[in-house]
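Several structures are given next for inspection.
There are two complexes below, and they share subunit A, which is joined by subunit B in the first and by subunit C in the second.
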Partner chain A sequence: MAPSLGNFALWLSLFFAISQFFVSKSNNLKLIKISVNGLLISSLISFFLLMFSYVVSDFSVLNVFQNSHTTKPLLYKISGVWGNHEGSMLLWILVLTIFNFFIFRLYNKNNFKLLSKTLETQAFITIGFVLFTIITSNPFERINPIPENGLGFNPILQDPALAIHPPLLYIGYVGLSAAFSLSVATLNLNNNEKIPWYTYMKTFVLAAWIFLTIGIALGSIWAYYELGWGGWWFWDPVENASFMPWLLSTALLHSLITVEKRKSLKTWVLLLSILAFLLSVVGTFLVRSGILTSVHTFALDPSRGIYILIFIGILGGYSLILFGIKSKKYFDSNYLTFFSKEGSILINNILMVVVCASVFLGTIYPLLVEIFTNNKISVGEPYYNSTAVPIMIPAILVMGVGPILAWGKEDKSKIFKKILPGILLTLIASLIVFLIYQSYSIIGIAGIILAFWIIFNNIIILFKKIKNLSLGMSIAHLGVGILILGITGSSVWQKEKIATMKINNEIQIENYNIIFEKVNEISGPNYVAIQGNFLVYDKKKNIITQLKPENRFYPITNIFTTEASIHTNLLRDLYIVLGEGDPNVGWVVKIYFNPLVIWIWIGVLIIFLGGVVSINTNLKKLKTLTQ
Partner chain B sequence: MKIRKIFIIIFSICMVEYFLNISFAVEPDEILQDAKQELRARNISKNIRCLVCQNQSIDESNAPLAKDLRILIRGKITEGKKDHEIYKFLTDRYGDFILLKPPLKLSTLALWFLPFVFFIIGIAIILSHNKKSR
Partner chain C sequence: MKKQLLIIPFLLFLLILLAFFYLLMIERNPSSLTSNLLNKSVPKFESESLLKNKNFISSEEFGNEIVLVNFFATWCKPCRDEHEYIKRFSDEKKIRIVGINYKDNSKKASEWLKKLGNPYSDIPIDKNGRIAIDWGVYGIPETFVVNSKGIIKYRHVGPITKKVYRKINSLIRELE
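== the complex of A and B ==
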């Protein structure tokens, strides 16, 4: 019963989306309201009915059968809804309609035309995704006879961070769809209509950016705690697919500030908001079509990929042609000086786009080579480390100065005076760090200096309380500085020990002695495991902690996983992974000493807080606009 | 203790599969005695793709094939082969696909140079803006 109703609700969403597309052209607010609300309610119903099917383990639904199991913990039954392709499309549609509803709520007399066109475009995007779901990936497909139990769920994906990771990313992507639609609507305005479209757009871009930031961070947290490889970023194409929209939305956010304050860069913002959403959809295409794994798997069942490709073609073709024809009226000839706030924002924008372009190149290049030359190549971490990463360095340097500079034109003689305290503090702090730790590597030195440069400049800004300076921005920038500190520490000074250890064996890493005390057999809700017990002592033989890495086996899916055990303090993580072995030969043990990892997460949290402060100010602005 | 029995049975069954599934990335018995040689081996391994995995180097991978390649690389190092000889041996056998850092060739020119072309174009845009404003 529930699945059929869910399927019906999905078709109803299609109906309401189509009706919204047509009635948003009219001036009939009542009809628009019915469509918008109907769309929201029907997509809520279909989403929660699928969730219900998961919770009650209704295996007559193919999707539930393939991805769930009666023994799965409730949290993962719920997150299982979007842990697979079909269900995640349903979530995508739900988020899309929620944003649609928020856009509708902004209606007033002044912005009617802008928002109607925005809703029309949103409706078109929604139709595209609902049709995609119904045609190629319907989560409510049934099977007969009904199986007794499900096939289970990849246990590596059973993790709280990963459970909420996809919804956060989707909110980010869909927030960018609102920016896209607003851009299309703005391009359709007449010359004489002056509406602060950028304030509307900024709210959505900020929201998107906040959720993308936190979503990507949770993905990294998952990789760090769950995969047991000691790292947290692997330049995997799937990671890149979320990182590219983040880069563009960061650029967009900064140039929107310039539009707001100086009324310049309008055309650039309109183009960037179109590109950012298109790239989100391209990312979805890459991840969902299976083309990344192999061009051949894609060729076996190309229906999904081809559908998304056509959809991107229509969206991209329409919006870019529209931009080509109508963007002229937003073009301004206010050129920017290098030494000014908008100048540094422009540099930031260009560098972000360049970094994004090289990540994009690295992600799709293997595909292009395979299609055109029949050869296969791989593009991995070493490539990004020598292209994308170095290009980020000037961006970070500029980031330290930009906020201090004035709008318009800065007196060049004053600049040096303004940045002198930052330079001095950075040099002193970096010197102290290197004197204490006596570890020199060029990347390490560069990273530490850049991190302190950002941190001190923003602390100075926060203490001086300079007028008209956004508090949210300073907080977010401070977070970036701290993030760089963590990234540098953990990637440059990571130490690793691999050994076969028997019970009571001892191993030394940095200033710690680690004793392998015993092995226990334990069992969890849907797994069994062996658990090692490691005692960690410092040099003075005081016990620091006990670490208990696990080696789990999930009988239902027949999968082994390793659970790392980690002890964290402000300076370092001790990270132990237990491998295979037995009492006679000993167990393979891998121990990492990861400096400053906690600052990566603290940095992201501070960036997130900065975003929240900013969006709060922005929402107040929006409120006065739409009253 | 029924559960314990089941546990032991399951576990012993799994031990057989264990080697297929989750032998560890770099294992202790692979590690070379000479620290310098081991470091070279690790650095090479980080640039070599595990052919049966998705976007993983053989240094991180626990697939049997990755293990074989790690041992092979260490063997070549102890034989006294230079890094470029080892890379050449691997690409002769498995093609460029095995390198995570794609080599500079006609087909990868765009991959390696476009980012810097973009970068230069970007700088040019900034400079031209700056000039016009004076």
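== the complex of A and C ==
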């Protein structure tokens, strides 16, 4: 019953999306309202009916059978809904319709034309995705006879961070659709209404950006705590697929500020908002089409790839041709001086786009090589470290100064005076760190200097309470500084030891002695595990902590996973992974000393807070606009 | 700025799109990774067999005829999907198939084969994944085509689909 209803609701979504597409051209507000609300409600229903099928373990649904099991904890039954391709499409559609609803809520007499066109585009996008889901990936497909139990769910995906990571990312990706639609609508308007479309766009971009930030961070947290590889970023195609829209939306956000304040860069913003959404879609579906392989790959099916590529072709072709024809009237010949706020924003924009382009190139380069030479190559961390990372260094330098420069033109003689305190504090702090740790890694020292540069400049801004400077911006930038500190520490000074250890063996890493005390057999809700007990002592033989990494076995899916055990303080993480082994030969043990990791998460949290403060300000602005 | 320049983003987009289309259209499989073992003899190994009471000794089994080597396990969902094709190789094409049971529970594997049918002529057991390491297996399922001289001629990573089934068949015809 529930699955059939869910399927029906999905078709209903298609109906409402089509009707929204046609009625949004008319002036009939009532019809538009019915379509928008109907679309939201029907997508909600189909989404929750699939969730219901998961919760009650209705194995007559193929999707539930393939991805769930009665013994799975409730949280993971629920998150199982979006842990697979078909179910995640429903989530994608739901988020689309929620943003659709918010766009509709902004309607008033003045912006009617702009928003109608936006809703039309949004409806078109929704139609594309609903059709895709119904035709190629219907999550409500049934099987007969009904199996007794499901096939289970990849245990490595059973993690709280990962349960909420996809929804957050989707909100980010799909939120960019609103910016895309607004851009298309703006380009379409012939007599340029005096509507600040950029203020509308900025709120959506901010929302998308906040969710992308936190979604990416949660993915990293999962990778760090669950994968047991000792790191938190692997330049995997799917990671890149989320990082590229983040880079572009960051650039977009900053350009939008320039548009708001100086009415410059409009053409650029219109282009960026189109590209940001296109990249989100391309990135997400590149992996699902099977063109690229990755650890994230869902089931492969070339017909899906063709469909989604045609759809991307229509979306991108239409919007970019429109841009090519119509964007000229938004072009301004305002001259941006180098030493000004907008100048620094423009520089950073260019650098962000270049970083994005180099990540894009790294992701698709293996494909291009294959087309032309028929060789398979793979591009990994060394490529990104030597392309993306160096471009970010000047971007970060500029980021420290940009906010304190004035709009328009800055008096060059004053600049030095303004940045002097920042420079001094940065040098002093970096020197202290250097004297304590005495590391001669150039990248490490550069990273620390850059981090302090951002941190101190923003602390100064926050203390001086310079008016006209956004509080959210300063907080977010402070977070970026702290993030850089964490990234530098954990990537430059990481120590790794891999050894086969027997009970009572001892190993030393940095200033710690670690003793393998014993192993226990334990059992969890849907797994059994071997748990190692490690005692950690410092140089003075004081016990610091006990670490208990697990090697789990999930009988239903017959998969082994490792559960790292981590001791965290403000300066470092001690990270132990228990591998395979037995009492006679010993166990393979991996131990990592990861400096400053906690500051990565703290940094992201502060960035997130900054984003929330900013969006609050923007919503107020939007409210006065639409009253 | 010239108006014509504004169309550049579209042209770039078109180019990338065409590249993707080309990749989707051609007979290509992202999983057919080149293997270091290609055109080399099969790695030597000896292990218990799931079907017989005597050990499986690789040097005795390869080099007489064309053999497919298929790494599988009961816990691997794609293996279930490709099983029908494995059976077709054995039933319709009469090709000898060696299935290597990778990190699996032997009892479960026997039951699984009873239920789905057994296309394998012999099944060496790879309890701890040692054999898979020698063969350079990325992740299962994985299938190798070994010619009548015991040389590895083709490697496929991932489940066998209709397309791959046809490709392997035409390859086997060539080898014969």
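Methods note: the second predicted complex is superposed on the first by the 617 of 627 C-alpha atoms of A that agree within 3 Å, B and C clash if a C-alpha of one lies under 4 Å from a C-alpha of the other, contacts with A are read in each partner's own complex, and residues count from 1 in each chain.
The rule we apply is simple: a contact is a pair of C-beta atoms (placed from the backbone, for glycine too) under 8 Å apart; a residue touches a chain by one contact, two chains touch by 3 or more.
Given the structure is predicted, the values throughout are model-derived calculations rather than measurements.
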Which of subunit B and subunit C A:316 touches, first, second, both or neither: second
Larger contact residue set on subunit A - subunit B or subunit C: B
Partner chain(s) touched by A:619 [first = subunit B, second = subunit C, both, neither]: neither
Touched partner set for A:393, first subunit B, second subunit C, both or neither: neither
Which superposed partner A:275 touches (first subunit B, second subunit C, both, neither): second
Partner chain in contact with A:146 - subunit B first, subunit C second, else both or neither: neither
Partner chain in contact with A:56 - subunit B first, subunit C second, else both or neither: neither
Subunit B versus subunit C as contact partner of A:420, first or second or both or neither: neither
First (subunit B), second (subunit C), both or neither touched by A:431: neither
Partner chain in contact with A:75 - subunit B first, subunit C second, else both or neither: neither
On subunit A, the residue positions that both subunit B and subunit C contact, one per complex: 292-293, 375-376, 558-559, 580
Residues of subunit B that touch subunit A when the two form their complex: 3-4, 7, 10-11, 14-15, 17-19, 21-29, 31, 46-47, 49, 54-57, 60, 95-102, 107-108, 110-112, 114-116, 118-119, 122-123, 125-127, 129-130, 132-134
Subunit A-touching residues of subunit C, taken from the complex the two chains share: 1, 3, 6-7, 9-10, 13-14, 16-17, 19-24, 28, 30-31, 33-34, 73-75, 77, 104-105, 108, 128, 158
Subunit A residues touching subunit B - in the complex, by the definition given at the top: 229, 231, 234-237, 292-293, 335-338, 343, 346-347, 350-351, 353-354, 357-358, 361-362, 365, 369, 373, 375-383, 386-388, 391, 498-500, 521, 523, 528, 530, 551, 553, 555, 558-562, 577, 579-580, 582, 588, 590
Subunit A residues touching subunit C - in the complex, by the definition given at the top: 66, 151, 267, 271, 274-275, 278, 286, 289-293, 300, 302, 305-306, 309, 312-313, 316-317, 320-321, 323-325, 327-328, 331, 364, 367-368, 370-371, 375-376, 557-559, 580
